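Shared between the two complexes below is chain A, which has chain B as its partner in the first and chain C in the second.
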Partner chain A sequence: MSSLQNDVILAVDGLSVDIATQRGTLHAVRDISFEVKRGETLCLVGESGCGKSMTSLAIMDLLPKGATRRARRLAFAGEDLSRAGARRINALRGDRMAMIFQEPMTALNPAYTIGNQLVEAYRLHRKASEAEARERAVHLLGKVGIASAGERLGQYPHQLSGGLRQRVMIAMALMCGPDLLIADEPTTALDVTIQAQILRLLADLQRELGIAMVLITHDLGVVARIADRVAVMYAGQIVEEGPTAALFGNPRHPYTRGLIDCIPVPGRTQPGGKLGVIPGVVPSLVGDVRGCSFRDRCAFAREACAAAPPVHRAPDGQSWRCILENAA
Partner chain B sequence: MTALIEARALTRSFAVSQGLFKGKRTLHAVNGISLDIRRGEVLGIVGESGCGKSTLARMLLGLLPPSAGAITLEGEDIRALGRKAMARRVQPVFQDPYSSLNPRRSIASIVALPLEVHGIGTAAERRRTAVDMLDKVGLPQRFADRYPRELSGGQRQRVAIARALVMKPEVVVCDEPTSALDVSVQSQILNLLMDLRRELNLTYVFISHNLAVVEHIATRVAVMYLGRVVELAETAALFSAPRHPYTKALLASVLTPEPGQGIPETGLGLAFPDPLHPPSGCPFHPRCPERLPQCASVVPPFLRDGRGAVSCHLHGPAMDPAAAH
Partner chain C sequence: MIGYVLKRLGLALLVALAVSAIAFFLLRLSGDAATAIAGEGARQEDIELIRKTYGLDRPLVVQYVEWLWQTLRGDFGTSLYFKTPVSALVLDKLPTTIVLGLTSLGFALLVSIPLGVLAAVYANSWIDRLALAIAVVGQALPNFFFALILVMFFSITLRWLPVSGSDSWAHFVMPTIALGYYVAPAFMRLVRAGMIEVLSADYIRTARAKGLPARSVIFKHALRNALVPVVALTAVQLGFLLGGSVVVETIFALDGLGYLAYQSITYKDFPVMQVVVLLLSVLYVLLTLLADVANAWLDPRIRVA
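The block that comes next holds the complex of A and B.
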């Protein structure tokens, strides 16, 4: 087991994703590195197009056609996935590494019952009997808070509400007892009251089962409440990373600071007053991308930003990619 | 402040097919809502999916006739007023700037279209007005001859706002205007809406599921649940002292970016609101952590008092609200 590698479940080193487009190569993810330990939640946060979803798909080897990944190392529990064959990945995926998607209605097959979909991967990976698999499915549906789970097994996805579907997705991801769970915007399609319930459930299960979780979101509120550590992505790079309290308390990268200032927060922002803005737009990631990708929108930009910015590290574990050595 | 728009016992139902051989069922999207919109205010309408907030918006715009009840604009029934006269005074901004702009028209002609429909000015005058309006929403003249596909989401929403304002309306009904946008763009659009409101003396109906945004922008808030308004109050009062258990749960569910606060327990249980099968009595009672015996059978009245209005048996006339807690 992974305990020998001081409990690092996922170690991503130098991951890049390129997408071939008609205008040239789009560098969706550019040389990012991070680690997630057992029982830890890392949030990847950023706006649309920052590469956060591509990162998760690259780890799971689920990239769409036309997208290719490169990595120095992509270690899952010490095993380098970037050199593993398709057969090995298939054996791990859905078993020891699982994924939850944003829209449970598109991720669940409408033509099969919940029960069929829950037991499929378990029977495949565990060579379990139908009865064993169903027993485990009922157990997990109960765990994610679904009452009369036995009857639910015979229902189809369309018969469930959005919140229930997302619970089913979570139960399905947990069927084989994964070491790593990647959740891509798991609550974005849900109402706020249901969102709070689902996130609580995820956090409780993750702690109880000691899973390493990568949660991808654009919502800083979700990040602040669930993450142990945060990686802020911008234009395909991680521009800042650190423990949650440190990152929110003392954001060092001008983009992180800008993002936090954009959202109205009761008690901090004046009702009806001006919210912070980040002027300009995200740069194109097609072709050569040089220097700091945020410099066109940054109030602190200077000539030196045309070169690749250095990565600074603070003693509290915060790191940021910027010419500024101290907080913006 | 006087009431600019008054909605009285507004109801809208839809016949929903249950499947090939099952016949139809009536869905009460909006169920007896009475509401004033006062001149100059920003009335926030919050609630979860299926609560009827968009149906209410469409009725306030005159785009959807109510099944029962009436809407008046400064005392005049909007059915008598007519669609065109209504459109001069009440305009919409919708959620999705990708589907609400005609992809085959240039930006200037999209913004000038309402003027064209109402036969205002010559083509050259209309274009000048449109370009001026685009400038007001932060789109310089070089955007005038571009097409929607060349614009970002935030820029498209600016175009939608310009189109709504070109007729110089009094009321703008914004239905989730920033929900499709990234947060850095959302803040720009919210700032713009606030600036325009001051500059043009606008009244907003601001519909959103994002409570932090509503708290920021609204002066008064109506909370909707399964087709009804369950609580109505000034923004500061509603957020500091919510009275309806649903409002409390909704506010508790908001995840503010404050690390260390953890994820709130809503106490709502697993029941979820189904507009096709609304519960008897108070629509919220199956999820309510504070329900009383009568909640399952008796619809609580919508009681107005000095603090606003609330529809809950905990705050009934026979009961001292302080003693109920």
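The block that comes next holds the complex of A and C.
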């Protein structure tokens, strides 16, 4: 039993994020729960505004002003972060848990050199000397595929391309050898060719260093390649979760099915043929949200969907939040 | 970085030259030098004689080139009112004004930067409102009036500080506060606005994600970026300081350049006026140059330009 618990690096239980807006409270994340095991990659997928980013920021306690989080439990390596003070959070952040952001162009401080920003966390958490930290930085810059790393340390962010900056961000996140890495759409802002490189790099590093990774993306192609497990978010809730193969092979929730149908498949999608489209728009999350939030766009919707849908679990670990007991 | 500094230095020299020309021609337009030299009740022949002797009948451009040449060689002429060389006069007064300028700028920054940071970090709290009140009062109060309040309080009621003169450091305390408080509000508002903007930047979130403590996030990562526009404002505010020092120096009988400027205008003392205007503008150009260099150091992206 204890070995099983040690296996789980992150256990999120009943996490909600509310944002105060002019029109009322926006329920950006609504009572979600999931676990990430050591060395595992979990992908959080969903459309823009479904609460993926808010979930990751809530775990790191980095929510913007006006957003508040609630959780029954937010356990990192068995320790409940939802009750930890700012000092304890600061001791874990950048050391045991690290994060990479969507926008490499603005995520680095323009006023300081790459080297200065790389060594910061290592010197703070490891009480290392400047020389030790720089050595570690050079080692990691090499690992993320940056040539002549020693010279790069003296450069400023504006002297680097977007792809290089994201590599620097990855190296920065890995400085202290974290147990958990949260990557919030790390390739969205990059060129398509660079996207593939960065994703492969992340997947390789994750495997080599045995880090648990939460990868947030809206790109199902990425998910299929690197995720161990997938959680599909819709309107602030996890509507389906399970092992990657099971979820892609046998999607149970109509929304997951719709998402997968939107991906063009070579050989199956006819040239000039139409891709799948999910009709309608995401409902507003301001004020009270009742029942299944997908029902307005769902082909299987019926009266019972106006009540909160039940959560079903299959033996293979797949779970879904729908009145349908079997595949849609 | 050195190339950048040299480029700015060249530009600064050109600006100083242009300013010297404008100052020369403007002053000549403001009144007749020969009449001023001759004094009241002089006869027309005397004025004509003076015009010939001093070479004032030649074209203005020739006079300007000659004046510039003499000035560059260090010959500033003789004061018509004090009857002493202008260079000695100016050198005598300059240190007082420089000291007052630096102390009041220092005072302004010392007050406005911490206050601006506090106001931004605790935006819309009572601290923010208090800082705003201090700024509004500073902006609304004429500095001669504020200077008089200071005199009433510290010299007459408490008897802590001397009313006037420039013999000891104690003579500089009230002028420094009066002049510093005059320019502080603009700094404070700018620091506050800059900090509020910078604190919501992505790289601040990155810094927090590293687990850095709040003071490091605020003072290392945020403040440096928020200070870039402040440094640019410093140059502009120094201009205000030089202007304000005319009033403040006069009130406290602080014998500096500002007071000399006031006197030379009153007595139509052309040689002194010209040199004071030139000196103040060169000072201003130099300070702007310093601000540019400091900005380049703060924000590496500027160095390329």
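Operating definition for what follows: the second predicted complex is superposed on the first by the 323 of 328 C-alpha atoms of A that agree within 3 Å, B and C clash if a C-alpha of one lies under 4 Å from a C-alpha of the other, contacts with A are read in each partner's own complex, and residues count from 1 in each chain.
Just so it is clear, a contact is a pair of C-beta atoms (placed from the backbone, for glycine too) under 8 Å apart; a residue touches a chain by one contact, two chains touch by 3 or more.
Remember, it's a predicted structure, so these values are computed and weren't measured experimentally.
Asker: Please indicate which partner A:Ser148 is in contact with in the superposed arrangement: first for chain B, second for chain C, both, or neither.
Answerer: Neither: A:Ser148 stays clear of chain B and chain C.
Asker: Answer with first, second, both or neither: which of chain B and chain C does A:Gly258 touch in the superposed model?
Answerer: After superposition on chain A, A:Gly258 lies in contact with chain B alone.
Asker: Would you check which partner chain A:Asn109 touches, where first means chain B only, second means chain C only, and both and neither mean what they say?
Answerer: Only chain C; A:Asn109 stays clear of chain B.
Asker: Looking at A:Gly221, would you say it contacts chain B, chain C, both, or neither? Reply first, second, both or neither.
Answerer: In the superposition, A:Gly221 contacts chain B only.
Asker: Given the touch rule stated above, what does A:Asp95 touch, chain B (first), chain C (second), both, or neither?
Answerer: So A:Asp95 only meets chain C here.
Asker: Tell me which partner A:Arg200 touches in the superposition: chain B (first), chain C (second), both or neither.
Answerer: Only chain B is touched by A:Arg200; chain C is not.
Asker: Can you tell me whether chain B or chain C touches more residues on chain A?
Answerer: Ranking chain B and chain C by residues of chain A touched puts B first.
Asker: What is the contact status of A:Glu47 with respect to chain B (first) and chain C (second): first, second, both, or neither?
Answerer: Once the two structures are laid over each other on A, A:Glu47 reaches chain B alone.
Asker: Which holds for A:Tyr156: it touches chain B only (first), chain C only (second), both, or neither?
Answerer: second
Asker: Per the contact definition in the header, classify A:Ser129: touching chain B only (first), chain C only (second), both, or neither.
Answerer: In the superposed model, A:Ser129 contacts neither chain B nor chain C.
Asker: Which positions of chain A touch chain B when the two form their complex?
Answerer: Touch list, chain A to chain B: 47-48, 145-147, 161-164, 191-197, 199-200, 203, 218-227, 244-245, 248-249, 258-266, 269, 271-272, 274-278, 281.
Asker: Over in the complex, which chain C residues touch chain A? Could you list them?
Answerer: The contact residues of chain C facing chain A are 200-203, 205-214, 221, 224-225, 298-301.
Asker: Report the residues of chain B in contact with chain A in the complex, numbered from low to high.
Answerer: 48-49, 152, 182-184, 186-188, 190-191, 194, 209, 211-213, 215-217, 219, 235-236, 239, 249-250, 252-266, 268, 270, 272, 274
Asker: What does chain A use to touch chain C in their complex?
Answerer: Touching chain C from chain A are residues 60, 62, 64-65, 86, 89-95, 98-99, 101, 103, 106-112, 120-121, 124-125, 156, 158, 169, 172.
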